[in-house]
Amino acid sequence: MTTAMTSTSKAVADPAGGSLRFYGVWALGIIVLIVLPMLFSSGGSLTSFSLIGIAIVFALSYNILLGQTGLLSFGHAVHYGLGGFAACHMMNAVVSHGWPIPLPFIPLFGGLGGLVFAVIIGWVMTKRAGTVFAMISLGIGELVASSSLILRSVFGGEAGITTDRTALPKLLGWSFGPQLQVYYLIAFWLVLSAIAMYALTRTPLGRICNAVRDNPERVQFIGYDPHVVRYIAFCFAGFFAGVAGGLAAINFEIANSAYLGAIQSGLVLFSTFIGGTAYFFGPILGAILVTYLQLGLTSLTTVWQLYFGIIFIGIVMYSPGGIAGLLMMHRPLIRAGTLWTVIPSYLVAIVPTVALACGVILTIETVARFSGGDPINLFGVAFNATSPVTWLTAAVLVAGGFYVARLTWRRIADAWDRAATVARDRGYLA
Amino acid sequence: MLELVVISTLNGVLFGMLLFLLSSGLTVIFSMMGVLNFAHASFYMLGAFFGFQLTKWIGFWPALVLAPLLVGAIGMAVERYGLRNTHKHGHVAELLLTFGLAFAIEEIVSMIWGKSPLDYRVPSLLDFPAFTIFSTNYPAYKIFMLAVSIIIFVALLIVLKRTRVGLIVQAALTHPHMVGHLGHNVGRVFMAVFGVGSALAGLAGVIAGPALVTQSDMAASLGPILFVVIVFGGLGSLPGAFIASLVIGLVQTFAVALDGSLASAFGPLDPSAGPSVLTDIWNVTIAQVAPIVPYVLLVIILIVRPMGLMGTRES
Amino acid sequence: MSEAVSGTTAAIEVRAVEKRFGNVGIIRDLNLSVARGERHAIIGPNGAGKSTTFNLISGHIAPTSGEVKLNGDLISGLRPFEINRRGLSRSFQVTNVFARMTVWENVRCAVLWATGHRYAFWKNVDSLPEVRERTAQILDDIHLTHRRDVPAGLLTYAEQRELEIGITIASGATVVMLDEPTAGMSHAETDRAVSLIRRLTEGKTLVIVEHDMSVVFGLADRISVLVYGHIIASGTPEEIRRDPKVKEAYLGEEAH
């Protein structure tokens, strides 16, 4: 027991070893970002990486609210969008006034755009947390999105505001015309923002945000006003969302009302929650996955958003810790050396679970393409949406897959309980 | 002008009553279960689409009964197999579940019926002008809608005031923490309340479908307004929801009907000033502002009276 | 301020406080005075309003009328965090910790305001020596050092109660209010908790609500008896033991 405890508290008790690993992870991340375009240099992958980078900054900023402070926002894209518009206007102003501000500084103004709005509206919004905050954030989101279509001089109406990133003063000879240079600019801001947002979690404010998330009532009795804590967190989240919006404006050279709409707000919620809100790296995983799926699925199926919805519902119901939570569940088992007792049950469960997933996909695609559309091609097998054979296959896969999969899931749960009991006995699990 | 006022008042009250059909269910569900049902407007949409489909198959009148029952059954299933399992993860998880559902329902609806508006017609029995005011023919169907909403409203009132279930619901509205003491059948009560709330939303969808637009984005556009209604009226207050529904229904209907702008009232601005935020605001018509009016009301009430019109609770 | 502190003003002075919920008066004409450095117990039958009294003093709810003073300053109507910043800290009857944060984080959060770090977002929380030392000291005091990295929600019940006390005293408040700190504990755990409380509140003013009479009479310098929202007697344990009103209203039932 005591040995186990000293080993879990090593990170704090022995800063040298802990910090080495800690800085190693960050260094590795930076190296990956630098090397990535050398390994995958096609225009398509550069564009994807750029979008993923922006999505990560956005999702991390969202997690300041959801994961750190416990605030569920349905209108976070407001700050993203206003950041994008601020960046566009700033770029155009730099060009027309001939200010000596090169492009890499522009995301900062995006951040200010998101921040200013958060500072103005945040105090009223963060008075209450929970469901009320969620509803209000939705209302404010709709308000801004609708207003943007009225205030044409600022938001450019339906068309939006366009800009030319190459017209700004050059920095070190970089024009930022090629996508590769834009990618590195995004990667630079990604690293900067990620470090800043991580550092924020390690400050007194960051810790108190967690306390407000866990128990806002008790926070009042240790000297803190939860309203102030929520407000400051809201402002930080607004700033970094604005940075992400600014990056998007640079990437697309346009900002329009879609930036601040409900769909964008929903996507960042999906990314963050699917990735997992309890760990700092969760939203990073989520942003990568959701952006990648979004780019990949759109060419495969017309109903890709439905798959998002289903994945999201599944995560909410069965794994509220998201992907990061699922991964981190295994850490005590690895430490206790009992992971191998669980793996066989996973392998057994894969087959019926995949069958069930195929059944669901087949069902959805059959409905979607019943009245026309391309034939279904599921992992190389062709299906005809109007043929009863397809319907039968789908039904058998769903029903049979679900029945068998449920049995195997129970086996996983049992194996887990046994492994966790051992881990607990060995002191790796509280 | 008088014509406009009369017609807009009628339409506004009608829209308000529809809103109340939805917001009453949402309020009761929220008060009893602590769940803000994000998918409530989606049940309304399902009502409209089921109504459309069933009307095609078996006619409008059977559909009027069947579609809400179907939607209610779906609502009960959502409570039984979704929310009840998610409850242990807290209200935010429940809210997220209903958010995911709303998203999925919209996708499923547009997958089956497409994204363009459906040709959901007023039943021929009611397809005639009820009366003529000044030069406007007021359709009988709208009077029918108004009648249905008022009948439901009265029925709700009777159930709440006169029956045992109504007393439980009322107790839950004023003392939400007491719901836990309902005893062993609390699960069944929740399921029933959720089912009835969903069915009412479905009914609103069936009757609103032919008069308004039946389209796969109708939930997404009505949902936020619904939330404004229940925050504006005060969370957990049925009278508040009723007043807020009427206020927002009337305000929005009048705003849509009015064509004036600051420019038409005070004359155009000096054209040499060029386009700016001021000219945007100066030239925008009230009708164009209509979509944001509910949200402006929301912000105002949050600043002036954070607990809403009739609310007693902070959260 | 220094004059008031060194003078004879009471640490807590409750004067003519009433609390109504609707038409129901939960607390009526409540008067209570707790001297500085005193260990004061509030006892009374269930539903007498003991927790409500705690909530009224700590700012959790506002009194309908009357006033509450802390070290001579009026605090009724202030928000809980404002009262806490003036040196009054309280625990809760139902364990009320930060469930997903570790034991260490729980105590550290309670130390942060008092050490002046407030809403700082420019300091690394791990490199604040006085915060670290104070947190470590309190963990040591409540015997939870070996559980420092466990999420508070996973502690045993008795451990959570101890953590609750740790959070309450962490700010270094001079007036400490504990709401049934030993509720639900075994005899051995209760003994441990009592000696813990005795040690940690040395030199401080303590107000405690407790059902266990052996704890009350062993710990308290003075006792107030609350019945139906009204204090019927206040005095030393001896005086309370002898008071006929108390016997009738409270101890009488207990004796059966």
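Per-chain residue numbering starts at 1, and chain names A, B and C are given in the order in which the chains are listed.
Keep in mind that, in the parts below, a contact is a pair of C-beta atoms (placed from the backbone, for glycine too) under 8 Å apart; a residue touches a chain by one contact, two chains touch by 3 or more.
Small disclaimer: the values here were computed from a predicted structure and weren't measured.
Treating chain A as absent and keeping all other coordinates fixed, how do the remaining chains group by touch?
B | C
Using mean Cα positions as chain centres, tell me which chain lies farthest from chain A.
C
Using the average of all C-alpha atoms in each chain as its centre, how far is it in Å between chain B and chain C?
47
Can you compute the centre-to-centre distance for chain A and chain C, using the mean CA position of each chain? Integer Å is fine.
The answer is 42 Å.
How many angstrom lie between the CA centroids of chain A and chain B, rounded to a whole number?
Centre separation, chain A to chain B: 31 Å.
Which residues of chain C touch chain A in the complex?
Those residues of chain C that touch chain A are 58-59, 79-81, 84-85, 89-90, 92, 96-101, 104-105, 108-110, 112-114, 117-126, 128, 146-151, 154-155, 167-168, 170-171.
Mind listing the chain A positions that touch chain B in their complex?
70, 72, 74, 124-125, 127-132, 134-136, 138-143, 146-147, 150-154, 262, 266, 269, 273, 303, 305-306, 308-310, 312-313, 316-317, 320, 364, 367-368
Report the residues of chain B in contact with chain A in the complex, numbered from low to high.
Interface residues on the chain B side: 30, 34, 36, 82, 85-86, 89, 91-93, 95-97, 99-101, 103-104, 107-108, 111-112, 220, 224, 227-228, 230-231, 235, 275-277, 279-281, 284, 288-289, 291-292, 294-296, 298-299, 302-303, 306, 314-315.
Write out the stretch or stretches of chain A touching chain C in their complex.
Against chain C, chain A makes touches at 1-2, 5, 8-9, 12, 199-200, 202-208, 210-211, 213-215, 217-225, 228-229, 232, 236, 278, 430.
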